């Protein structure tokens, strides 16, 4: 279904990613400079900016050309389409026209056609087509949001900051333009502020416009700069309506981020609270209380406990591979399985579960029925003999040891209590699974029993 | 229970839907024009507006008449009631009185009774009854919100915008009215702004009122237009209190929309993060890592995987129909079921499940017990023979082929690994179900075994 | 454990509830009037208000006395404690001191002790103790929030409105007080606004204070009234900090209410969207599509479908009572169970489930195995004979009829398709449960078989 | 893995906790005083403040020294690392450099080197390094948030208040500094407010700066103090942008807290609403209605019912300990188990479940099959004999009694109804578990049967 014809770029190619990032920077530049030029540079255009603009346009033209060679992922089949014809059809039928329209240098064309450099508002409106390119910035941020290398919080904040700054900048430029072009002398906000504003430097005028814009946007509204004619009132009415939506959007996003950010702390508090209420209500002894709270804390600190849940979400075949990879090396080193064929081990491993046990917790209790046995992956486990409230440490097991197998092999209650000394990772095997696995091949059964007898 | 008597309109009728939309536009028009007329048009009423108002009223009268013929859905039985008497009783006992009260042209009546056109505030208050009609706009938006053809986000935004604009407009008109009618000369906001405001054009006065209204609503509060007498202060106090609620409502709605809009991205990030943490912590090899991440991404991109969940929500009979429709055409074409009676196929199909498997994933692993067999609906699956870490592609299966049936028929572990080449849709059949289905009819059993032997 | 000693009032007594509501009104009155008196009435106290205040205080004293006779619910045992001694101990050790302190009429005492009516700020501060009574308003709203007779949305809004208005009122009074008492002549906000403010009416001064207060609270901040001396600045600093919290709290509450209010519409849209995506992706035929969407809509409109879920939450004994009450009257009328002992019916009823089936849906399909039979509670069900794509209605079953029992009794596949004509409520009985119930008593078994044979 | 070498402090040590809290207070002090000194104290430095600053710096130096002796918890193993070398390496490679840089008293060094006290802006910037210490305040609040002794709501509010106040303070100081240092005479906000501001007291100037700062932060923006030169405009632009984020963050946090705070009330209302809708729709009799609503209320008031859920979350060994602790003392006192060996009791206890039953609810119904028996832990249970709608109380059981055992031992339906009189806690034992436990040891079986016969 995928045909390679000549030169085709995959969208995941790192060089193409760089090009895309470069394009995003250029889009940001042109979105910033374009309203500024229209508002402040009309009377005395800046040659440097003019040249830069046209260089940026050339880059965009190159990008339009390049897009015909970039493969895309088909939405229904999730496959990469590398057929140049399909790529062309898809591009021509979607964004091509707008991309071209936003790249044509209308003022350059006007210069060539009319021979005059200074052109009217109609060309400015055409210049506004460049805002179409902001689509790329949106795509860029959407991609960043899904990229795990960056914090979602900061990407989202950057996105909101970009939108806010662009709004403030554009509104400031437009508000200046309205006052600068107002026909009747004497009653614009610029003249109210400074009757000789035309003689002040560009920077001062720009900062004043920006100051008004952000004072209005954040709803501070000092009132030192306010609408003085009907046209400005109309502009402010629309700007405020837009700002109402934008502010609500910013607050909504922040709320979302805060909720997401504090979710874990909330859950932690809720579960700890439930546990300590339970302990208080039932007057449990301090040792049990500590165990319960320690377990609850551990559950949240070591997220590793969610491992089992994740594994169960994955398809069966991946699960098997993970289990083989994680448990086999440990299982192979256990004395009981020395010399046992790999086939049996794979069978056993498929049913194992990894558990994290906090320190000072009983894994196996004396007189318990021998339903499970454990292999220690990490940490230390003590073997305790308890007689008449008297507990005595008999032995300490370390990584690679097996506990509880005596009960399982002899089919009698566990004779010792096994308690973790440190945070331990254990592999749990059900006795029934072990016995079933042993029955599969006679030779392995004999080896295991030999191993067991030799060890004890 | 439903009786058809003469001419009855069903509410789902497309012509009636058009009429309803027309009514909504008229309601919007009258909600907009009514306060404007009262505030700005008192001194010199506009004949065009006056006529339009009465035409709109005629339409509303027609709508009241029409409502007696529109069937309705009974809330308890969910059935359409087409009985004209029941419709009339329901309407008369609910909205009828208010609908009539909001349609009576009080000023026209006053004109007829008193012979004078210019009437007092009491009639304005009666005119305010027309705001009752806004109920229809609310119903309209509520219906749009449940209509899947429109984006919930934009419908909700449009609703909020409508409420905001109407509030701003009405407050502006009322604020103008207060200043215009204020008995003491010289200290209203209008006179403070422009001592000769009466000589300015209607548009300028309206925009000034609107500018004040929105400046207050959005809490910018420049202060160039502010209350100058106690009556205006009282009005502003109530307006601000209302705005506090409205702003909170807008932000609340926006937060809700943002949370809903980013929910999927959040879930995606959370699951990917859990998976990559898991991979890092356990130092899994790159191949497994890629498989896990690819699977996680696929789960989110191709929502098709939720198919099973949806099917299980539906009642049994619909489920069956869906399975027949989706799986039967594929199953009939499989070599094994050539010539088998439809009855058996239906039985088999009822237990099948469709699965989407990402590329390069093992469907069946060598030496696995033959619990399941698969039919390929789309995509390609490779058959691999692996010997001593050496994997060799033996065959490539395509749409309509069956894999794993050799193991199932011969009751021995699968002899090959089957791995997807592309994103594949597979139908999973449990071996036990197949065997049970085969036992049902002797003839079909023989046909299937013949098919099997012939093919291998 | 509960001892009745003499006169004791239960807190659920309706007369006591009235008294509590009266107390809440009085608290609201005193919270409103107290700051007003201190700020505006210092110079010329109003006799009516003075008397009313003391009457209110008498009521509060009565309430303190009454509280010694009101039983309470113990938090740990959930039992009503009616022991007068325990009530007294509980009250004395918790709220008693503050309640008394907030009721003592300090100014009356001062009048009696000093003989002068006009007293200083120290007594005002003691008067502020009355704000302690607001605890009752909080309790009142908390109770209303849990009362199902009132909409949560409006109770919550009323609560927020009360808090907002009280804040605005108190801040307004305090701001007036600051300006009125400011020692240095000429530079308070009151004098800036109107140099002769002392000569204006009380109402005008109060509204100006309120206007300033709400302009600041809602962050409009026109700037016509602003701080002019350092003391006012300090007050505004604290007021604004408080407002920041209050505004955030209002928005937070509104967001919560909006999220809760739109939750169901969201869920509806999400489930309909999932269903229609599923239909589109799989190109299902229109009839299936309509069935699926109709079912999804019904699930949301008729919440009755959640019935089963609710029943399962309840304890076993309540569940049984509900089932007996709901299903027994219907089951007794079914021909099959005429003359059968109640004991058997109770056994059957315990395992029944009620289901709502939308119109035109297959309940039983031809050739299906007879695992379930149904009793029609309401609605109509058609019996269809389908042969070669030809469907023919054989019979229509109504409320009280039983369907599918032929298959169940004869142990053969259902010979007809049963399809709902209208929205129907059906009771589902598993065939296995019926057979088990029949085995329990021989006599009933015979009666049922007789009934069955007689009917067919 | 943990080596104790000489003097090591554990981070959980209460004395070290006190030291940390002291450090937090000092950080807060220096974050407050540092900008104040730079802005207001330049011209006439205060000796007391100067000395205090250096004392605080000495404390910080001590803390840096101390950190080399504080054990830490390793993130991967969750173990306390007490090895002094590891502690040093960890500290040196993370925060050490910044901690030292923020503690060096640059102005003291400058004094020593240059011999002049009055130093330039460059030293102020170095002084700003002290803001690095705010990291400690963040850690402090994060720890408080996880501490169950403090309300999450108030800790979070305190955190937000701290951030808000610090922002307001710093912005106020900086805004004053800008105006105070502005080279051109006559056009700063300070001179606009008061041309002779330098002669006013420090407090008045500080409050004016703070007043401007908070007026802007809360977006009130009266406009009495606003930017008058371009530098101030630039500062305000950045301050407003920051405030937009901060306000959104505050609102987001408050929303989160409100949602969390009202969650339980919401759930309560939703479940009560579902229940009462269910009751209305099905016209259930009042007695059943009361039972259902009472049960629903109890579920929310007595959170104890969630006990089972919590127990199931805990690891098996803790569960066992809890059950032994909670149930064994009660079980041992029951007449049936007098003289029975502890081993059997432990076996029984492992399968018991504790249930809270609201008053007037049937625990066991007459003629019910004897699947379960109950031990009363607290509360009272009536034994009722019902004959022909006539109910008669036969006996009242109290704490320590057993109900339903007659049916279980004799294998016949329960002959009485058992109904709770008060809120009762019951231990539920399955009859099958009891019988199984009895079979385990012959001697115990005989004792139990003897006990049973003796009692009846």
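Note that the chains are named A, B, C and D in the order they appear, and that numbering of residues resets to 1 at the start of each chain.
As a working rule, a residue touches a chain if its C-beta (ideal position, glycine included) is under 8 Å from a C-beta of that chain, and two chains touch if they have at least 3 such contacts.
Predicted model only: the values in this text are computed from it and were never measured.
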(request) Using the contact definition stated above, find the chains touching both chain A and chain B. (result) C, D
(request) Since chain C and chain D are copies that touch, just let me know if over half of their interface numbering is common to both, same, or not, different. (result) different
(request) Compare the contact pairs of A-D with each of A-B, B-D or A-C and report the one sharing over half of them by residue number. (result) A-B
(message) Need the CA-centroid distance for the pair chain B / chain D, whole Å please.
(response) 38
(request) Please work out the Cα centroid separation of chain B and chain C, and write it as a whole number of Å. (result) 27
(request) Spell out, as numbers or ranges, the residues of chain A touching 2 or more other chains. (result) 219-223, 247, 251, 253, 255-256, 259
(message) So in the complex, the part of chain B that touches chain C is made up of which residues?
(response) 1, 77-79, 145-146, 148, 152, 216, 219-223, 226-227, 230, 233-234, 236-237, 240-241, 243-245, 247-249, 251-253, 255-256, 259-260, 303-304, 306-307, 310, 314-315, 317-318, 320-322, 325-326, 343
(message) For a test of understanding, state which residues of chain C touch chain B in their complex under the given definition.
(response) 157, 161, 164-165, 203-204, 207-208, 210-211, 214-215, 217-224, 247, 250-251, 253-259, 262, 265-266, 268-269, 272-278, 281-282, 284-285, 288, 291-292, 295, 298, 301-302, 357, 361-363, 365, 367, 422-423
(message) Show me the residue ranges of chain A that touch chain C in the complex, using the header's touch definition.
(response) 219-223, 251, 255
